[in-house]
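The next part holds the structures, each set out as structure tokens.
Next come two complexes built around subunit A: one with subunit B, the other with subunit C.
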Partner chain A sequence: MARIEVEKIVKRYSDVEGVGGARSARPALDTVSLDIADGETIAIVGSSGCGKSTLLKIVAGLEQPDEGVVRFDGEDVTAVRPQARGVGMVFQDYALYPSMKGKGNLAYYFQVHGRTEEEARARAQETADRMGIGFEQLLDQSTDTLSGGQQQRVAIARCIVREPRLFLMDEPICNLDAKLRESTRVEIRKLLRKFGISTLYVTHDQQEAVFMGDRIAVMRGGRIEQIGTFDELYYSPANLFVATFIGSPPMTVLPAIASGGLLTVAGAEWPAPVPVPDGPVRIGIRPESWFTGRGDGALMTVSHIERIPTERAAFVHGQVDGVPVVVAAPLNQPDTAELRIMPDMGRVYVFAADGEQCLHTPGPLDLF
Partner chain B sequence: MAASQQHTPVEEEAPAAARPGERETAPGPAGGPPASTKPGTQKPGRRRRVETTLFTLPAFLFQLSWGWYPMIMAFVLSFTDAALRRPVQFTGLESYQRIWDDPLVAQSFRVTAVYTVLSITLTFFIPIFVAILLMEMSRRHIRWMMLLWFLPLSGVASTVLFRYMFNAQYGLFQWVATKVLGLPPQPFLNSADQVLFWLVVPGILFFGPGLIYMATLQSIPASYFEAAEIEGAGFWRKMWTISLPRLRPIISMLLIFAIIGSTQAFEFPTIMTGAEGSPGGAARTVVMYLFQLLQQLRYADATALGVYLFVITMTLVVIQRRFFREDPDT
Partner chain C sequence: MLFPRVGRTHPALRIAWWATVAFLVLGITLHLFPFYFMLITSFKSGNEVLSQTPTWWPHDPTVAGWKLVFDIVEGNSAAGQLMSEPLWVYMWNSVQITFWTLLLGIPITAFAAYANSKLQRGRMARYSFLFFIGTLMMPAALTLIPSYLLTRNWPFALPQAPSVGGTELPTFGIWNTHWAVVLPMVFNAFNYLLFKGFFDTIPDSVIQAARVDGGSEFNIFRRIVLPMSVPVFAVTIWTSFSGAWDQFLWPLVVMQDDAKMPASVMIYQLQEKFIQAGSASDAEAAVQSQQLQEILGAGMSWNGLMVLGILQSIPVFVAFIVCREYLLRGIKLRGLK
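So, the complex of A and B:
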């Protein structure tokens, strides 16, 4: 258990292969700073190549940063070798030692460090009890015979068995099929809660990030764009990228003209939520913030309706003025070719016409 | 497959109308192949059988006429006198007896055994460790080393070059031994005790199966080594617990090839030491002696010797398979 500080990390790869020289000029990590409180889980989310795995490896000590400092409990560990940092890492491909049974995988650390057999066995037993029902059988099997989910459980146990200060998870469940992914992520979340170990959890799936992380860091191009709770990212995004990245289906961004407190969008005129300087802007509307069937709405051509019975809702997909729009509607939304839609102006995001600057965000939803 | 794919859209459009039609062409799911279908839409099972046969036939015939037929004929021939100009006469185990009693055969088997053991220890196991060590180098160095090692070399040309280097009067190795190391002149290939060792040495430089090991090592995900590194494993432990287990199937396969290859050694020793395997047959392998028998037109004896060699090689391969058998629980 530890408080982890990552300060102004810069990492450049000199010989990035493929994709030409343009890529190697850009650092893989560009002044990344991050604090993990004791026992906190931070989910790092971003598309592939955004540097999230590199960040993880630097925290683990497998890669050396070009600049910056990594601190565990205030102690500078930047030059400390990985085995001395006390981190446990779970990999996407499990990376269980081949030709060893589950037991052997758990005992590996104790063998490397010349501990006694009894200690290894006792710790493995203890870990098996903590991992829950049915785990002990896995230990007696060769790892090649285990399913993906079972292998990942053994991999997690291999980390837990030596009580790491920090857990690092690199897309641990993305190799599993959809159904197993769902149950495994619940299980991992439970385990993380139980052990209260500080965790960095890397994923490219934002839903997974929302589920796993106490806080979520959104990364792009080697930078952390924003870090915060889901509500902060969802209702108060730092910029247009975070606003469109978080949320599924994504937010609709429509060009608008502001003049005298009114916003003109696709022929419709709506009152601006906040005073906006006259001129072109863009407004962002989440799917759930649309009203349908209003006379003063913009005209939307419907392409298809996606009905989700478990949510008692439907998503209407279509276009307004050529811009793709998704509108949340009741489950019994009739099939029509066109729809008049208007945003809940109190929940509208306003962005600058160019760039990614955020002019106004609605802030957290007032539920009570 | 094809039939069901064709029927699905029809069923979607008009299920009631499609059913009877389906019944006409296909007598039912459990009724075997359809009785009559259009030429283009034959039941795939039968067509596959015909195609499979057609595709396999040339390979089968080739293997039969150039592989199995000569092998079986050689086996048959070894029980005859294999006469050329008069009818062949069955002689039973006479050739086997003669070969068994031939002191040169015993010598050639001893030579082959020593050669096999030397070449497997020196040119088979060393490259495994060299490959693992090479993988520890930086990417750029690995590429250069591979280029140097795997430059396409002509087998005969480099063999002739080595013959020059081993020359006892003016060879490079002699120069190294006397001028650099200050040793008395060495006999190299002229010594009956050393000749087999020196025959194997060039094989180390050719790096044998190293490329295959390196390719296999490169296919091991980096995360395996990273996981071990985080747990504090050093180079040797990583090698024992990750690299070698992952190489095991390849090692097992290549070891069979190496055994077969070195028990049948012929070209290299012949070019290096002459057809007689000089000095005094100290480098005459079994196949070299077999070739000598053929030149003396002793075909029956040659085939009998071939059968002996086959049995021994086969035994070695079976032992190797036993030794490398996969764990029963994997």
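So, the complex of A and C:
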């Protein structure tokens, strides 16, 4: 249990290990700061190579930052070895000790810390009870006979058996198949709730991040673009990158010309949601913010319709003026070659024509 | 697999299959023939060994060769006089040299490779790797004289060098001791390459997980890495073992007393005595010829040497059989032979 502060971390890899093998001028982490409150789960999401795993390793002490400070409960641990930090980490490839059985994996921590055999056994037993049904028999098997999901459970158990101050999870479930991933996700979330231990959860899957994280940090190119709850990221993105990164299917970004309170988009004229200075801008519309079949809409050529019965919705994929557009429609949306679409102007995002600056965001949805 | 399981009944494939088998059998035969000849020669009588047309099996099997070897082992009778010490002394020397070479060499080489593979990073790791591998590129003949100087004056090859100021570097007298044979063999670049190749395949995350769990670097090596690396240890131990047991040139260079020689050198020298007995002084030559006469009279010539050869190669065979299971697993790591 701890409050974790990461302050202005800069990390450069030497040329040999640079991302992609070449000397990279850009640091792997560029002045990254992050606070994790006690018991909070922060999900770090970003595409591969954005530095999210490096950040995790720096918090664990496996990598040394070039600049910046890591504090656990206010205490500077930047120079503390990983052995002494008391964090628990789950790796993408599980990283179980192949020469030991499940039991041995759990007991290793107690052995190297000079604890008694009995304590190790008792704690393993306790953890097995927490991990749920069927876990105990995994402990008696050697790890290479376990399936991916089972290995992952053992890896999580190895991490929690010692009651760490901080959980670090590096894409723990991305190697599992889709079905297992879903159930494991729920299981991990339950465990995190139960323990209330601060957690950093790295993933490249934004749905996973939304599900796991109390807050989500979006990373790109070694920087944290925005940290916030899902609603904040979704409705008030800091910039164009976060706006298009969060949300699936992604937001449509259309070029527009503003003049006198009107936005001209692909031949259609719509009233601007906020006063916008005249000139070119870009507007972002989420799939669910489109109205279909209105006369004053823009013409969309439909390529295909993806129907999702559980969501009682269909996604109409197509193009407006050559820009790919996804529109959420009712499940019974008829198949047509073309569609007139018009955004709900109250829920439109406005961005500068060049750069990523956000001029207007609709803010959270008023649901109640 | 060279041949797929499916479609083996196809005639062309079947012919190719048998051709491959025949080729392999030929190879195995060629490899085994020297051992076969060594074995049967040891049971031949002295005359049969020297007969012009070699025989394929002993026509007149005798254990005379073996008996005489026991004389040499105990150091009595005429044959025993051929070597200055009983054979077991040389065998014991071999055992000592091999033991220390393995005991020091395997851990040091393994630690070096592990440190290079998992602890060093970036440019340093690459340069130290190239440095160690570079020692493989030196021809052994090139290192002979520097090694000679080093063993004369250990650990500073030229102790007089800084004596301009009147000081001399300390020197340990390892010349003409077993240490002069053992120490230069402690680091083995080829084993280093094998270890490094294997340690590189161990995922970093396993090491990192152990670090996060609190294991010290040595504990991680001992508890996590070592049990994973049994095959590669088997391969390196076996190659080091046969290398140390059978080495010839270096002990011959650094050892001055016969009593300290390993068996591999002494057996060769015994053979030399058979081939080129002779001496400048009349009296000595007479003694020698008398001695050889006696030995031949007792029915021993090359058959006795073959027995010694068998004795010399037994430990390597035993080591192979002991490590066989792991060697076969590790053979693909080794990639040769």
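We take it that the second predicted complex is superposed on the first by the 360 of 368 C-alpha atoms of A that agree within 3 Å, B and C clash if a C-alpha of one lies under 4 Å from a C-alpha of the other, contacts with A are read in each partner's own complex, and residues count from 1 in each chain.
In this text, a contact is a pair of C-beta atoms (placed from the backbone, for glycine too) under 8 Å apart; a residue touches a chain by one contact, two chains touch by 3 or more.
Given the structure is predicted, the values throughout are model-derived calculations rather than measurements.
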Partners on subunit A (subunit B, subunit C) - clash or fit: clash
Subunit B versus subunit C as contact partner of A:118, first or second or both or neither: neither
Which superposed partner A:144 touches (first subunit B, second subunit C, both, neither): first
Which of subunit B and subunit C A:354 touches, first, second, both or neither: neither
Subunit B versus subunit C as contact partner of A:108, first or second or both or neither: both
Touched partner set for A:89, first subunit B, second subunit C, both or neither: both
Part of subunit C, among the options 79-87, 277-285 or 313-321, whose backbone runs into subunit B after overlay: 313-321
Residues of subunit A at both interfaces, subunit B in one complex, subunit C in the other: 15, 57, 60-62, 82-84, 87-89, 91-93, 95, 97-100, 108-109, 112-113, 158, 162
Residues on subunit A engaged by subunit C in the complex (per definition of touch): 13-17, 57, 60-62, 81-85, 87-89, 91-93, 95-100, 108-109, 111-113, 158, 162, 168
Of all residues in subunit B, those that touch subunit A in their complex: 139-140, 221, 223-224, 226-234, 237, 241-242, 245-246, 248, 327, 329-330
Residues of subunit A that touch subunit B when the two form their complex: 15, 57, 60-62, 82-84, 87-89, 91-93, 95, 97-100, 108-109, 112-113, 141-142, 144-145, 158, 162, 170
Subunit A-facing residues of subunit C, complex: 121-123, 125-126, 203, 205-206, 208-216, 219, 223-224, 227-228
